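Please go over the structures that come below.
Common to both upcoming complexes is chain A, partnered first by chain B, then by chain C.
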Partner chain A sequence: MKRFLETGNFAITEGAILVGCRFFAGYPITPATELAEAMSLRLPQEGGIYLQAEDECAAMHLCIGASLGGYKAMTATSGPGFILYADPYGWALGCECPVVVLNSGRVGPVSGITGAPGQGEFYLMRYPTHGGNFETICLAPNSAQECMAMTVEAFYLSERFRMPVSVLADQLITDGFEDISVPENDAEMKEMGFRVWPRKIHQGPDFYPVTDELDIPPVVLGQNTGALCSDWTPTEEGYDIEEVEAHHKHAYRLIYKVRNNRHIFNHLYEKVHMDDDPDLVVVSYGTPSRVVNTAVKKARSNGLKVGALRLINLWPFPDEHFSLNTKYLVVELNWDGELVREVQRAAPKDSDVHFLGTCGDLPTVPRLTETFEKILKGQPLQRIGWEVEAW
Partner chain B sequence: MKDRIEIVASGFGGQGVVRLGQIVGEAGVKQGLRVAMLKSHGTEMRGGYVRSQVVLSKDAIDSPICESPDYFIALSSAAYERFKDTVPNDGIILYDPALVEKIDETLNCTQKAFPAKTLSMENFDKPLFANTLVLGVVAKIIDVLDKDMVLDSILKIIPKFHENNKKAFQIGYDYTF
Partner chain C sequence: MEYKSSDISSAYLRSRKIPSTACAGCGLGMNHKIVIQAIKELKLAVEDIIWGTSIGCAGRQTFGTWKGDGVAGTHGRIYAIARGLRVVLPPNKELILTVGDGDAFGIGLNHLIHAARSNADMTVIVNDNLGYQSTGGQYGWTTPQGSKTDSSPYGMFEHNLMSEGMDVLHILKGAGATFLARHVSMDGAWAVDTVKKAILNKGFSLVHMTFPCPTNFASKELGSRDPVKIFNWIKNHAAPMGQEKDDTIWVTGIYHDASNSRPEFSRLIHETVEKIRRTGTL
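Presenting the complex of A and B:
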């Protein structure tokens, strides 16, 4: 195991290379530029291919091409680039191409603030393209080390589910430095819990079966089989068609291969002080969760019965964590409130759901502690300046 | 060693604020510590606002934010004004009087003036080595840091001017307040 003081961007690059990623196409954008830079250095060293595309839309299309060519492929961007993935994301979902997509959140909308973290793409990760009739998988790490682990996991899931899988990080962890351990062999990868699924090749004849089954190898061009990459509906035999019944079958697979196999990844969450049915559950994902954990541990030492739930698997949304009829506080790096809407939907109807949002900076421990106390005392949260606490 | 040690460095772009945090963090990693180092900056390459926040700990680090820094290295007046009040009474502010013009005498923490820019001009005829001079002081005043590890990290992270960097580091380390 080698130890480095390095960025999340470095960790993601090394994680991707460890599990066999040999193709990266992207367009530089803060805070994922250093990832493109690292890939441009590292991939050629490993016999891989790095391409800087003319824009993000082209970058992800290139990744689809690479995936159809048998490569494990990846692209990375931030919010303003992620929206340009909308078209190819749909192709990758529809044609069932494994691709790993990293989005490092900064403050939006539009160009927003480049050098500060944001969480404005919670729903965009669920609906990265138009049209519906699909499910997506999204994983959200909260440290540089976990960026590596979730990149590894995203490659594993993308192969098994035969689809694009996204990692939602943010500026603090992709640009920030942390001590990072990089495994040097299979035994060390196993020790770190890394799961690897090799690229397999579909030999037909049922290239797009109407089933929710996993582990159907992806279609790879030039393997003495026909193959399809079309924006129309694939038939089971691998021809494309515009036809209602075929599309129903296709949509069934795109939705239920994910929904019916959530057990593969729904262990991806973290609970702190959650064993005794806390009076207040603080829900978050990504870097805010680290301040939340500090604040919750502090609150516990002050006698407050507070617990922390951190979601790593964001989509499909893990409703099962919200069965407790209690008070919830959702902490996010945005002022509009996104995750809080899902928590409100998933929590029992009469539970009390609150929101604390910040824009561009993590919340502070005193601010969180004060908010916990107010909620537990039943005091209303108020609007502080522009920051909305009341929900 | 305390559970966690928080170090903030802030100034403007081009001064090496990120580099400084990176070197302190690298030394921490070499010493087997857990390290988190956040950098925040404006969109400009040079001249904009920059801050490094380093947390050193023996255990896994939850919050990577320095809310009450044990050490604050102020490299501009704006940075000083912005973060001086976060430093607790037992904390230390290290500032360059050439860059921080006005000092708040009402603060209870220890404030140390270190003329890095002037010393760099005197010894090297240019301000380039001010950062390494500061790192010499940092290696001295932050107990948990090992002098040799900090110097090794400087030489690893700054690939050029090794002899002058070694010299600057030693001048900073030997400086008496």
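Presenting the complex of A and C:
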């Protein structure tokens, strides 16, 4: 094991290389630029290819091309670039093409604030493209070390599920320097819980079977298998067809291969002080969870029965964590409240769901503990200036 | 050299997709045959070629026709997919893309320029039916000025990429394409020769080939869906380079042949990566 004081971008690069990623295409954008730079340095040393694309849309299409040629491929961007992935993301979902996509969130909308963290893409990660009739998988790490682990996991899942898998980080995690351990061999990777799935080649002729089956190798072109993949409704053999029954079969696969196999990744969450049915559950993901965990531990030491639930597997949304009829506080790096809507939906109908949003900066521990107290005492949350605390 | 269409078809094309679902009188099949004949004359096998398409008439009607591997991209994106594929495919595999004018010269032009810039080894056949015909017949970037279409009911009055001395092939030449040519679908064996040269170039080649659309373009512009009328109209407005007349729209022939003159994209990438891997530097 080698230890570094490095950024999340470094950790992601090393994680990708460890699992055999040998193709990266990206377009410079803060705060994901350093990842592209790290890839441009490291990939050629490993015999891999780094391409700088003409735009983000091309970046993900280049990855699709490389994946179709049999390579494990990855791209990375931030919100304004992620929105340009809408086109290729849909293609990769529909054609079942494994690609790993990293989104390092910054403050939006539009160009917003480049160098500050934001969580404005919670729903965009679920619906990264148009048309519906699909499920997506999204993982959200909260540290540089976990960025590596979730990159590794995203590659594993993208091969097994045969689809693009996204990692949602934010500016603080990808740009921030932290203590990072990089495994040096298979045993160390195993010790760290890293799972690896090799790229296999589908031999046809049923390239798009109408089942929720996993572990079907993806289409690889240039192997003389006669593979066909297109953006239209495929038949099982890959022919394009526009026909409702065939499309329903295709959509069934895209939806249920994920829904019916959630057990493969739904262990990805963290619970702190959650064993005694807390009076208040604080829900978060990504960087804010680190402050939340500290605040929850502090509140516990002050006698408040508070617990923290951190989601790592963001999508499909893990409803199973919200069976407790209690009070919930959702802490997010946005002012409009995104995750909180999903918590409201998943929690029992009469439970009390609150929202605390900051953006560009993290909430402080005192502010969080004060909010916990107010909620537990049943006091109303008040607007502070333009900030919305009550939801 | 002449071949019976049925022989070519059974050797290279999937019977399920031939004949295509194109409109009656559509000229796309002529372009398609030109490309397949060029492949046959080069003695290439099914497994030597990966076929890429886009959307619209040209993409939709040619996707899945090739017996070997095939991929279709969404609007304008096949050039980026093809470039990613090119760099990981064995160099002896040929990439042939049959796309439309809207796809190549409209929505995909940025990606196309970067495919030319990088000199990625692929042969792009732009099948030009003079606008967006599969969506009902709107003007495109090579629609002759003055043409009436569904979205230019008063006549197409904008500057476009083939008017007033402007030419999309000039853009692509400036961007670094190493083989560029223009034909109309009636050019037959001459166009076959050109496509052969395009495929033989180990770099970015593009052949712009106009074909007749009786259903939408001709019905609006010529007031008739009679295939003969639009065939003759295109033929009468096309002339080989050096024999242009005042009313010539399509000057045909090879515009630019710098075949094999500068390093091909994937070769450059792989040689560079290999050097860095071995020595740690360039």
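Note that the second predicted complex is superposed on the first by the 391 of 391 C-alpha atoms of A that agree within 3 Å, B and C clash if a C-alpha of one lies under 4 Å from a C-alpha of the other, contacts with A are read in each partner's own complex, and residues count from 1 in each chain.
Please note the rule applied: a residue touches a chain if its C-beta (ideal position, glycine included) is under 8 Å from a C-beta of that chain, and two chains touch if they have at least 3 such contacts.
What you see is a predicted model, and the numbers here were worked out from it, not measured in a lab.
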Ask   = Thinking of the overlay built on chain A, is A:Phe4 touched by chain B (first), by chain C (second), by both, or by neither?
value = first
Ask   = Given the superposition on chain A, which partner contacts more residues in chain A: chain B or chain C?
value = C
Request  = Would you check which partner chain A:Val365 touches, where first means chain B only, second means chain C only, and both and neither mean what they say?
outcome  = first
Ask   = Which of the two partners, first being chain B and second being chain C, lies in contact with A:Gly120: first, second, both, or neither?
value = neither
Inquiry  = After the superposition on A, what does A:His61 contact: first (chain B), second (chain C), both or neither?
reply    = second
Ask   = With the two structures laid over each other on chain A, which partner does A:Pro98 touch: chain B (first), chain C (second), both, or neither?
value = neither
Query = Touching A:Glu46, do we find chain B (first), chain C (second), both, or neither?
reply = second
Task = Mind working out whether A:Cys229 is in touch with chain B, chain C, both or neither, as first, second, both or neither?
result = second
Query = Which of the two partners, first being chain B and second being chain C, lies in contact with A:Gly81: first, second, both, or neither?
reply = neither
Task = Identify the overlap between the chain B-contacting and the chain C-contacting residues of chain A.
result = none
Key: Complex interface listing, chain A residues touching chain B   = 3-5, 30, 114-116, 143, 172, 175-179, 287, 290-291, 293-295, 297, 362, 364-366
Chain C-touching residues of chain A, taken from the complex the two chains share = 23, 25, 43-49, 51, 53-55, 57-58, 61-71, 73, 87-88, 90-91, 221-232, 238-240
Query = Where on chain B does chain A make contact in their complex?
reply = 21-22, 25-26, 28-29, 33-43, 61-65, 67
Of all residues in chain C, those that touch chain A in their complex = 16-17, 46-47, 50, 53, 55, 60, 63-64, 67-75, 77, 80-90, 93, 110-111, 113-114, 269, 272-274, 276-277, 280
